[in-house]
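Shared between the two complexes below is chain A, which pairs with chain B and chain C, respectively.
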Partner chain A sequence: MRYHTPESFEDASAIAAGAEGVTRYLAGGTDILVQMRSDIVTPDDLIDIKHIVGVKEIARSDDGGWRIGAAVAGAELGEHDGVGADWPGVVEAMELVGSTQVQGRATLTGNLCNASPAADSVPAMIAAGATVSVTGPDGPRKIAVEDVPTGPGQISLVRGEVVTAVNLPARGPGGGDAYLRFTPRTEMDIAVVGCGISLTRDGDTITSARVALGAVAPTALLVEAAAAALVGGTLDDGALDALAAAAEAACNPIDDKRGTIRFRTHVAGVLARRVAKIAYDRAGGAK
Partner chain B sequence: MSKIHVTTTVNGDATEFLCDPRETLLDVLRDRLSLTGAKEGCGTGDCGACSVTVDGRLISSCLMLAAEAEGKEIGTVEGIATGEELHPLQRKFIEHAALQCGVCTPGILVAVKNLLERDPDPTEQQVRYWLAGNLCRCTGYDKIIRAVMDAAAEMRGAA
Partner chain C sequence: MALDEYTEQTGGPADEIRSEFTKVGTSPDRPDGIDKVTGRARFGADAYAPGMLHGVIVRSPHAHARIVSIDTSRAEAAPGVKAVVTRADFADGQSGEDWAVMENVMAGDTALYDGHAVAALAATSLLEARDAARLIEVEYQILPHVTDVDEAMKDGAPVIREGAADNSVPAGMHPNVVRYHSSGHGDVDQGFAEADLVIEDHFVTAATHQGYIEPHACLATMGGDGRAELWCCTQGHWNVQKLCAATVGIEQSKLRVTASEIGGGFGGKTTVFVEPVALALSRKANKPVKVVMTRSEVFRASGPTASTSMDVKIGMKKDGTMTAARGVFRCQGGAFPGAPMEFTSMCAFAPYALKHVSQIGYDVMTNRPKQAAYRAPGSPMAAFAVESVVDELCNKLGLDPIEVRLKNASRMGTKASFGPTWDRIGLVETLEEAKAHPHFSAPLAPGAGRGISCGFWFNHGGETSVTMAMSEDGSAQLMVGTPDIGGSRASMALMAAEELGIPYENVRVTVADTASLGYNEVSHGSRVTYASGLATIQAARDTVRKLCARAAAKWGIDEDAVTWQDGCAVPSGPNAGDFDPLPIDRICRVMGRTGGPIVGHYEATPEGAGVSFATHIVDAEVDRETGATKVTRYTVVQDAGKAIHPTYVEGQFQGGAAQGIGWALNEEYVYGPDGRLQNAGFLDYRIPVASDLPMIDTVIVEVPNPGHPYGVRGVGETSICPPLAAIANAVSNAAGVRMRQLPMRPSRVLEALEDQD
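Right, the complex of A and B next:
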């Protein structure tokens, strides 16, 4: 295995584009090192992106949102006051990933590109309307987070492309987001179902919403019908019922040791109700 | 396979080593630097026995390549005591019998020392959540938590 430490994303991209065998990028390493150890993945070229300027930075973007470098660890994100104030749902979702030790290294970008259907930060990022910046042989582009995973362990990036940062949009007034997952244990577990919701309010009325579900399909889902159940209303019981029904209808889960199809589908509706209430309260100014 | 030359700092001492690209920081600490305090429990980041700090950040050394240590400051359990004088956490672990087989102990000491540097007065719940990724199969955790709370109180008193 060749270990590369490029000093620019263009160089990282060129190494990956010119490599012939198995290529992986290394940021936090909390997935790739486990895969290497268990011989699931044996890279010929491993490209450590942490020598690139800015990969550890969290910065305000021109549109008032946030640009989170590809190697920013969960603990660093959690300690950043600005992102947590704007997007508490994204931060709380990332902080659910792994232990304190894993938080010291694991990244939003890695959680997304590892493409586990159960990745906690992904539904929260989808709900937030996050995009990723990508550099590749054909130049830079931005991709919506929901368009990155294409199946378990599979992403839409082509050879030579590399994620440089996660972009969260400007929060704006009257906005709130939240993420909850169901796990049998409170820590060190993998989501049976995860749900992220972001919405905006004008007074008591919901003016926009995005609802995302994790671990109930091959990829995290953006559920537009569930968002439609919220918009225009005040989160009354009827809206919550419609939200839960739409969330359940979107589920296409597997039966496994963590949960049955029936259980996962039911929990998706339950979580959607709970998450919507938290996001609604946060949008109304609650901390 | 050509080896990678790494210059780093371990427990305050400038250190150099040669490593293979696939070697983890844990491999190098134990096998090349003879610092065998960090243990390999699972090798997959689940058990916390290999916990060390890198630039003050708690991590699992089995989930970091040794080559990534270039220019970093590594802290291991060997750096906790001052010569022959045990750190208050180490003393309290002995007083409270907060260990049996001891395989998890170095990782737990490194982890809670890092917590107390961030927050000298954590609640019991904070300590338990902080240590959620440090598995102990002997003690049932209660003695560990008592030792940490007692050490934290003593360290606050001494400050």
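Right, the complex of A and C next:
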């Protein structure tokens, strides 16, 4: 195994583009190092991105959103007042990842690119309308978060491409987001179902919404029918029922040791209701 | 406590039980505390030797397969590899448990479960060893498998091993049923006829692992002359010595075993897994070999507890009198005999004085790892089934769960469900304390439920040997042979200090190796503070006699005319003579000139362990939309006989409750249709994390054990007997539906709620 410490994303991209065999990037390492230890992946080239300038920065972007460097750890994100004020749902999702120790390392980018269907920050990022900036052999591009994972452990980036940052859009007035997951244990567990919702309100009326579900399909889902159930209404019981029904209908889970199809589908509806209420309250100004 | 070791506990020392103490009953810091929190303590994997190799074990990926051939040639040629072993490199001709251990440590002609060791190698680095292990080619012929206890008993189920049953098993049973137990008294049918209400129910529990934080680890050094040394984490190094000698084929005294600090055992470290393999590799390579299990190996190949399928039937009168009880307990213990079904049977109805009672147990083999002891082996499951039925009877008859238990409680002089007549026991006292505890009368939040359960464990004595050596400055060195799995060095030091009349800090307690002390049975059966404690007190009294003799000689008076007070020899009365008290340090300073080193010792197999009972109170809430359960309040009330070090007694109480919460709510061995373990890691084998637990309140009841000089009863195991039932009762009462299967994971609770609607 070759271990690389490039000082720019262009160099990182060039190393990856020129490599043969198995290539992995090392952000926080909380997925990849565990996989190496347990013989799931043995990379031929391991490219550490943490020596790249700016990779741990959180900055306001020109459109009023946030640009979060690819190596920003969960704990750093959690302590950043600005992002937390705008996107509490994304921050709370990332802060659910692992323990204090894991938080010191784990990143949004790694959580996304590891492409686990159960990754916690991904439904929250999808709901927020986040994108990633990518550098690659064909130059930079931006990809919507929901278009990055293509299946368990699979992403749409081509060989030589590397994520440089996660972009959160400007929050704007009357917005709120939230994320909840269901796990059998209170902590140190993997989502049986995750749900992220972001919405905007004009008075009591919901004017826009994005609903995303994790762990109920091969990739996190953006559920448009669920969003449609919310928009135009005031989150009354009818809207919540329609939301839950749409969320359940979107589920395409597996039966495994972590949860049955029946259970995951049911809990997706339950979580969607609960998350919508929190997001709605936050959009209404609740802290 | 191993299965064949339960003997009825009778009698005790003739001495009176001491009740006045100055040190016992206080809670000083443990002597191993600083080492453990600073990382200086040396655990199983912390030993290194010059030229040391690293051993790796190759394991079967199949639940049941004949080993057609093993080709080690490519592995032997791999870089760094110094030795490869298969079953042919071990001794043969063992019988009984030695044979089972041999077969489990390294498969013979058949791999019996996913994770069963089939070969091993040692190389100069762990990486080389792991790479080379992949080059060992094993050809398997896959056989049909069975992992479920009820399936394994059915006609046509794959036979794990023909002829494994002993002669206790009734004719006509499936060959996988290998042992049978039946006990009780009276006429249960008559008893059921006298009842106003009879409830019979079926209960199921999953196999759970002890979940100790430290994986099995050892460092073995064995020369061509057969002399060997072994460093390992174990609950009992004499047993390791015995089993290793039998499996590698040497005399026991050729092998010296030293017990490392231990990161938890809970019964799971009472046998051997990697130790004989490390020795065989070391013998072949002629170099020290270290073997450390990975967590996944711990789950796949070390012993979890049994899974069970149980039927319990109890009859009760309207006034709460239990008229009869019957239980059938089927325990699956993996691919070898040994599931603790007789303990399950014997503990089941132990809390109740019953005129008519019958219990039957089946030990069933399956394609799973060989079960190992887990804290009160077999008892927690029995309590789950029995105490659930008692709870349901109380609910249906509108009776108070504590009053009903008090009404039927076993007491001194009543006949136990499994035969003996109870000596002085403390069940009633735990129930009275529970009743008086503010928890029991605290109002419940809407939607919450409360559960009560009693639990019982025998406790054990066992072979014990202790030596106390005095230093010239009057401080003492105590050598015990029971690895410290729960703070026992602190308790031993307290008892020694109490007898000698010296400060606690002046007693150093060492867990001596097998070459330095007489035989000691494993630290199990909650025996350490009882048996090593008793031996410590007696060794200290032996030392005191010798100290007094030196004073007598100095004063020129009879040895009988000297007594021991506050660390000094004093004349026993005015007639003995008028001498100033002679302090321990002054006696010891000159001991070389007054008769030689002063050493006290004691060795025996004490048999008055004194059983222990507990009553637990649990509050739980259920999220009716997701089935998630939260334990919100927990109180443990248990009889400790005498709490030597109350903080560590509370620690045992809390630890049992914490493990019980995991067992009740989320822990389980999950097998796929291919018979392979699906969750060999802490991510999907869900032991509770700190935030899953409430504060666990404790009440120490002290009903002295007549079999110990201070009245000690073991406390380590009884604490895990009531939790499964107490939590299940709380959850069932919160949910309004009886939970009969463990673990009560959210999906199972939700399904029960949905089925109820």
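Rule of thumb we're sticking to: the second predicted complex is superposed on the first by the 287 of 287 C-alpha atoms of A that agree within 3 Å, B and C clash if a C-alpha of one lies under 4 Å from a C-alpha of the other, contacts with A are read in each partner's own complex, and residues count from 1 in each chain.
The criterion applied here is as follows: contacts are C-beta pairs under 8 Å (C-beta built on N, C-alpha and C of every residue); 3 or more make two chains touch, one makes a residue touch a chain.
Not measured: the values here are computed from a predicted model.
For A:46, is the partner it touches chain B (first), chain C (second), both, or none of the two (neither)?
Only chain B is touched by A:46; chain C is not.
Does chain B (first) or chain C (second) touch A:259, or do both, or does neither?
second
Quick check for you: in the superposed arrangement, does A:128 touch first (chain B), second (chain C), both or neither?
neither
Check whether A:166 is in contact with chain B, with chain C, with both or with neither, and answer first, second, both or neither.
neither
For A:83, using the defined touch cut-off, is the partner it touches chain B, chain C, both, or neither? Pick first, second, both or neither.
neither
Once the structures are superposed on A, label A:36 by its partner contacts, choosing first (chain B), second (chain C), both or neither.
In the superposed model, A:36 contacts chain B only, not chain C.
Go through the superposed model and pick first if A:270 touches only chain B, second if only chain C, both, or neither.
second
Touch test for A:188: chain B only (first), chain C only (second), both, or neither?
Both: A:188 reaches chain B and chain C.
Chain A residues touched by both chain B and chain C?
Residues 38, 187-188 of chain A touch both chain B and chain C.
Over in the complex, which chain A residues touch chain C? Could you list them?
Those in contact with chain C are residues 38-39, 182, 184-190, 192, 256-260, 262-263, 266-267, 270.
If we count contacts the way the header does, which residues on chain C are in touch with chain A in the complex?
Counting only chain C, the residues touching chain A are 130, 296, 625-628, 665-666, 670, 678-679, 682-684, 686, 688-689, 691-692, 745-747, 750-751.
Using the touch rule from the top, collect the residues of chain A that touch chain B in their complex.
It is residues 1-3, 26, 29-30, 33-34, 36-38, 46, 48, 50, 73, 75, 98-102, 104-105, 187-188 of chain A that touch chain B.
Please give the residue numbers of chain B that touch chain A in the complex, ascending.
For chain B paired with chain A, touching residues are 4, 21-22, 24, 43-46, 48, 51, 54, 57-60, 62-65, 67-68, 111, 129-134.
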